[in-house]
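Right after this note come the structures.
Two complexes are shown next, each including subunit A; its partner changes from subunit B in the first to subunit C in the second.
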Partner chain A sequence: MTGLILRTVVVALFAAIALLPISWMATMAFKPPAEWTSATAELTFLPKDPTWSNFVYVFTGEVEGQIVSLDRTVWWPLFASLLTSVIGTLIAVVAGTAAAYAVSREKVGGSIGLSLLQLRIFPPLAVMIPVMIMWAFLGMIDTWWGLSLIYGIVTLPFSFWLMKSYFDELPREIEEAAIVEGCTAFEAFYQITLPIVVSAVASTALFIFILNWSDYLIALLLTRKEWTTIPVYMNALATAASGQLYGAKAALGLIAAIPPIILGISIQRFLVQGLTFGALKQ
Partner chain B sequence: MRGSGQSRRSFLKGGAALGTVAAIGINPRFIRPAHASGYAPGMTGGPTGFSGAERFQYNEGMSEGRAIEGIKRLVADGSAPSKLRILLTDGAIGQITEPFPSGTSVKEVWEAETGIELEIIGAPAGDIWARVLQDVTTRSGAFDIYTHPWNSLGDLVEAGGAAKLNDFVEAYQPDWADEERGTPTAQTAELLYKYGGDYYGASLDGDFHTWVYNKGYFEDDAHAADFRAQYGRDLAPPTTWEESDQISAFFTGRTGLGGTTIYGNGNDMAPFWGLPRFYARLAAQAMPNMYWFDDDGNPNLGTPEAVKAAEEYVKSREWAHPDALSWTFAEGYSGIGSGQTPHVTTYTNVAKFVDRFNDDGSPANPAAGMLSAYAPPGVQHDGGLVRRSVIYYNITGTVSSQAQNAEAAYLFLQWLSSTRTYSWMTGNPAGYFDPFQKANFEEPLVQETYHDYMMDAIRETVSRSVPTINFAGQTALDAALDEELQAALTGQKTAEQAMMDANRRWQRIIRRRGEDKMIPIIQASRAAWPTIVD
Partner chain C sequence: MSSVTLEQTSKKFGDFTAVREMDLAIRNGEFVAILGPSGCGKTTTMNMIAGLEDVTSGTIRFDDRDVTEVSTQKRGVGFVFQSYAIFTHMTVRQNLAFGLEVQGVEQAEIDRRVGDMAEFMALGHRIDVPSAGLSVNEMQKLAIGRSAIVEPSIFLLDEPLSNLDAAFREKMRAELRGLQRALKQTMVYVTHDQIEAMGLADRIAVMNHAVLQQFDTPVNIYARPANVFVARFMGAPGMNIVNSRVTEGGVLFGGRDADFVALSREDMATLRHHGERDLLLGFRPEELRLGEVGAPGSIAADVALVETVGRRKIVHLVSGTTAFHGVCDRGVPVRAGEAVGVTISPDKVHLFDTETEARLQWPVEATHG
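== the complex of A and B ==
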């Protein structure tokens, strides 16, 4: 009994620590400007005068009490984030799955796995300087395809290694049986193996989507204006009169949490299977 | 198509006709007659449609008019770009895009008169220099015009990122240094627009840090009586740093507007934003100035005067808000606006953002209507009182060395920074381009938004302001000093140790960049310092 209480207390403590910044953001999203910082009033956890104005401001660019209207509303950065994250995820998952299958089953590619890992060995900033120069040379700065492509490239190692571990766990005999029954190698992969690992693909896709969706550094360096994503747009939410628009940033933070949550819920059925895929095979 | 009574050929023909009409419609040569109807006699351009618009109008004999005529020549010979791409601090965009006082915006007037679109790309003030460097180092050529802190001008020139403007200035004669309308002194023009004797920038700001105070607090009978009892003198705007610190100490812990607790020192002390507060203290420590470097180009940070300034600066933290180390200028504005602080030295637009009333007549901030301003405090020396402030940040426009058409980019900058357009723009409360030209202070719209009490205070501050560092190496020099001061403020080092370490780091930076090259630049920069002693 004591152990149970202790465990509960520890779990509750860690949960509280993890949730504190999120809950602070959630309450900040509903605070008026006068309650954003300690420079205007004593800070409180809950808003004294709750308001929707921060949400109205980011979506319309104007709200009562702000003398400066926003140059850009959140609509386009939201679209840019969705588009580039989805395409980047597709690139990484499709290429990563195909590569992982080939390496796992056919033992081709030699040290390709380690080569892919190199993409994540260096600090991102060290890699991004030459990437910036290449992207500028190729005219891909501030384009949706340029950003999507780099997202696909930098998340490819995750996709490859995650999928490879799943394929390694899957008995080769299932595919061999399909081939004996008359399937080609591609048909065995597409019709037999892929449906089995779909839950693994789903969990990999979610993981990679979240990485792309929450990226700040790459989007900051490779976009200018047209294709800035939510995190970059959020950083720019400041006006001359109010400085950092903490309330609007918090509102945007809540909005930005919605797509990953929706995606997570919609593939929840696969997620549980995917996350326990390897364990079940043991 | 036939079914709808229109053939493909006639549809295309109609489209072509529509295109021709549209092309004529957007050509500036065809716009002028309609647009010109609101101009004052003799004027050919500028805003129309509001009372007083004629004060901002111009003709071909004026700086803005010469810029517009220059653009028209480029349009006529087919070399004008269809658009100009400007990297601009987020907080300044509104002054270009929002109509003021009504009817039309700066952007609309430019586009109507020239047919050249302005594409404005925003970036936070604290990040914009990194964005500029990013464009320069990757050679991506994403912008025709950069805006950035004036302090970064030297680094930008040395990096090859800024186009030299001498020929354009010679050809189009901007009124930047006009004796009646331009910068307060010819020396100021040299300081703001030139680097190493050549034209590179156009000043779009007046960041001469000015003291603003809560007059209501200073004139409050209870506060005044207590202060007199404690210090034996009247509670009045300070003339020295010693008096200023006494006022900060006095107010700390007292009760202010709405029962709020007052913190006597309202100055933000965050990295980067707090640095000018130290520079201002340091500059007044000697007669006529405590220069950042001595005659031979050696840093002065290790001197007893610099240590004294640092000790005072660190001590002033005692009277600041507990969060002051994370306060930027915006929190500084909020502090004086909410009544939490009695005085602050900051950017002059604090008055237009904080001291204002809503449309329904209610105060936008608790301290609205109670603010006033004073000339900077200083240090009393045997030969007189040295009062100093600094120019720091000061948004400056430069033409990118990668601009598609440098002349067109320059002409826009000249048009924007000339005294008529700039006076119109700086009065607009939607951004933080501040007044600094003589014409700005005479402009009723500027006086209205910045308030009468700021006019003399700004002028007195400008005449006593020393330049912070703006030569090559500035980023490294300021960062080194800033880090050491932060270490002292957070108790990791004593003020003396911090200054000794900062001095060593400055020596190393100068040595690495080449003393032969740096010392002449350092010595030349001293020529722009004021010598006024009160």
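== the complex of A and C ==
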């Protein structure tokens, strides 16, 4: 009993420590400029004068009390982030699942699994600068397809290795059973294997979406203005007159947390359900 | 229902030969067990019959139809996997209907057959249950039902009872035999359990190291093993195999000069052609008798150890340098350290060649057929 209490206290403590910066960001998003600039001597956790002005500012570019108006609102970067993250995730999950299935089942490809990791072995900058040069030659800098493609490529190893481990666990017999009943190999994959690993695909997709959604380096190097994503846009939220716009950044941070949360909740069923290959007594 | 014929069928994985020049003729409606230790090629044989593995050489026929190059989908076999391979994301009904839907059977017909099969398998009350929630017993029935519903010409079962505990296995063994009679199917059954094979099969194909050793009825496999491997593999404990020597006076037991083993007249006639030679003498532990030392025709031996297993005693015996087993009733008064006289009835003696380990008596003409 005391053990349980102790454990609960420790867990609560760690949770509080982990959540403190996030909750600080959340309250800061509702503070007026006077409360987050260093000009004031007094710092409070909760806003004394709660306001939506930070949100209004990033979405409209102007708000009462801010002399400088933003030349770009958050709408387009938000769209750019969503579009490139989703397409990048689709590329990685579809290609990664297909490749993992082929390698797991047919033992083809030799050491392709390891070569896929090459992009991840080097420091990101060492990889991304050459990619930037290539993309420049290909005219893909600051385009949605250029950014989506590289997102798909750099997250492919994750989806490949995650899905491969799931496929490795799933006995071949279950497909052979379908083939004996008259299915083609593709039908067996599509009708039997895929529905069984759908929860694995969902959790892989969520994982990869979050990777893409939170990327800063790649978007910084491969976009200029048109297709900058939320993290890059957020960094630019500063003006000569007002300095760093912390309130606006906090508001944006809060907005940026929403898509992964919505996605996580919507596929929660699969995440919780996990992988039940229950019929197969090994 | 079909017959299955394998002619000189081989399977190689790279340099490794999994099945070597197998000849096997399974009759229409027959229940055949393929029996052997792990890695002997029995599952590969099954997979070749199903078409899940290509053959390296040889021919496979269903009735008169050569199916060697026919794809699995078109062979029309039913396959019950060791893991049952239940489609856990589907209900019992969807599992049963799967094969029929793939074959494009009409919906009304599917409903009727699925209903019938569910009743037959005693799964009627569970038909709309997600199959992941079934018990092992029900899963096994579902796996068999799902294969049977498409009315395959041949039924293949890969160790379907090996996941069950011992008591339950006996129950399912009886059910399986009943099912085979009811379905009137040609069934091929892979197992490493000799009791299962003995109890279920019309005929047993014993395999070892990729080679078919013997294909015969359970009684013949037990009574006339084709070679030393089969003799040792069948029975628990397996047959005693003892180095012996044929001399003018008869067959000398073990490494001793004293004790002769009595042989039947036919065996004496067989051995007469060979002259003086070494051979391997086989006799089943349950077929020797323990008596007084020096009893006429007996072999002198010392009792090294006695294990009491249920109603039986397993007696470890040593004669000179030769060790062997005996099995007797629990009531027989035998103790470790005693000297006994062992008698083997002449008609229970098996003779094998030392080099080839093949049977010398009643030459087993064909191991297939």
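As a convention for this text, the second predicted complex is superposed on the first by the 270 of 282 C-alpha atoms of A that agree within 3 Å, B and C clash if a C-alpha of one lies under 4 Å from a C-alpha of the other, contacts with A are read in each partner's own complex, and residues count from 1 in each chain.
Everything below uses one rule, namely that a contact is a pair of C-beta atoms (placed from the backbone, for glycine too) under 8 Å apart; a residue touches a chain by one contact, two chains touch by 3 or more.
The shown structure was predicted, so the numbers you read here are calculated from the model rather than taken from an experiment.
Shared-chain residue A:L4: touches no atom of subunit B or subunit C. Contact with subunit C, but none with subunit B, is seen for A:E173 once the two complexes are overlaid on the shared chain.
In the superposed model, A:E181 lies in contact with subunit C only, and not with subunit B.
Once the two complexes are laid over each other on the shared chain, residue contacts for A:P195 go to subunit C alone; subunit B is not touched. In the superposition on chain A, contact of A:I17 is made with neither subunit B nor subunit C. For subunit A, the partner touching the most residues, choosing from subunit B and subunit C, is B. In the superposition on the C-alpha atoms of chain A, no part of subunit A is touched by subunit B in one complex and by subunit C in the other.
Subunit A contributes residues 171, 173-174, 176-184, 187, 192, 195-196, 198, 276-282 to its touches with subunit C in the complex.
Across the interface of their complex, subunit B is touched by residues 34, 37-41, 65, 67-69, 71-72, 129, 132-133, 136, 141-142, 221, 224-225, 235-236, 238-244 of subunit A. Subunit C contributes residues 50, 52, 72-73, 77-79, 81-89, 98-99, 102-103, 131-132, 134, 136, 139, 146-147, 150, 163 to its touches with subunit A in the complex. On the side of subunit B, the complex with subunit A involves touching residues 90-94, 97-98, 119-125, 127, 134, 137-142, 260, 321-323, 327-335, 337-338, 340, 349, 353, 356, 358, 429-432.
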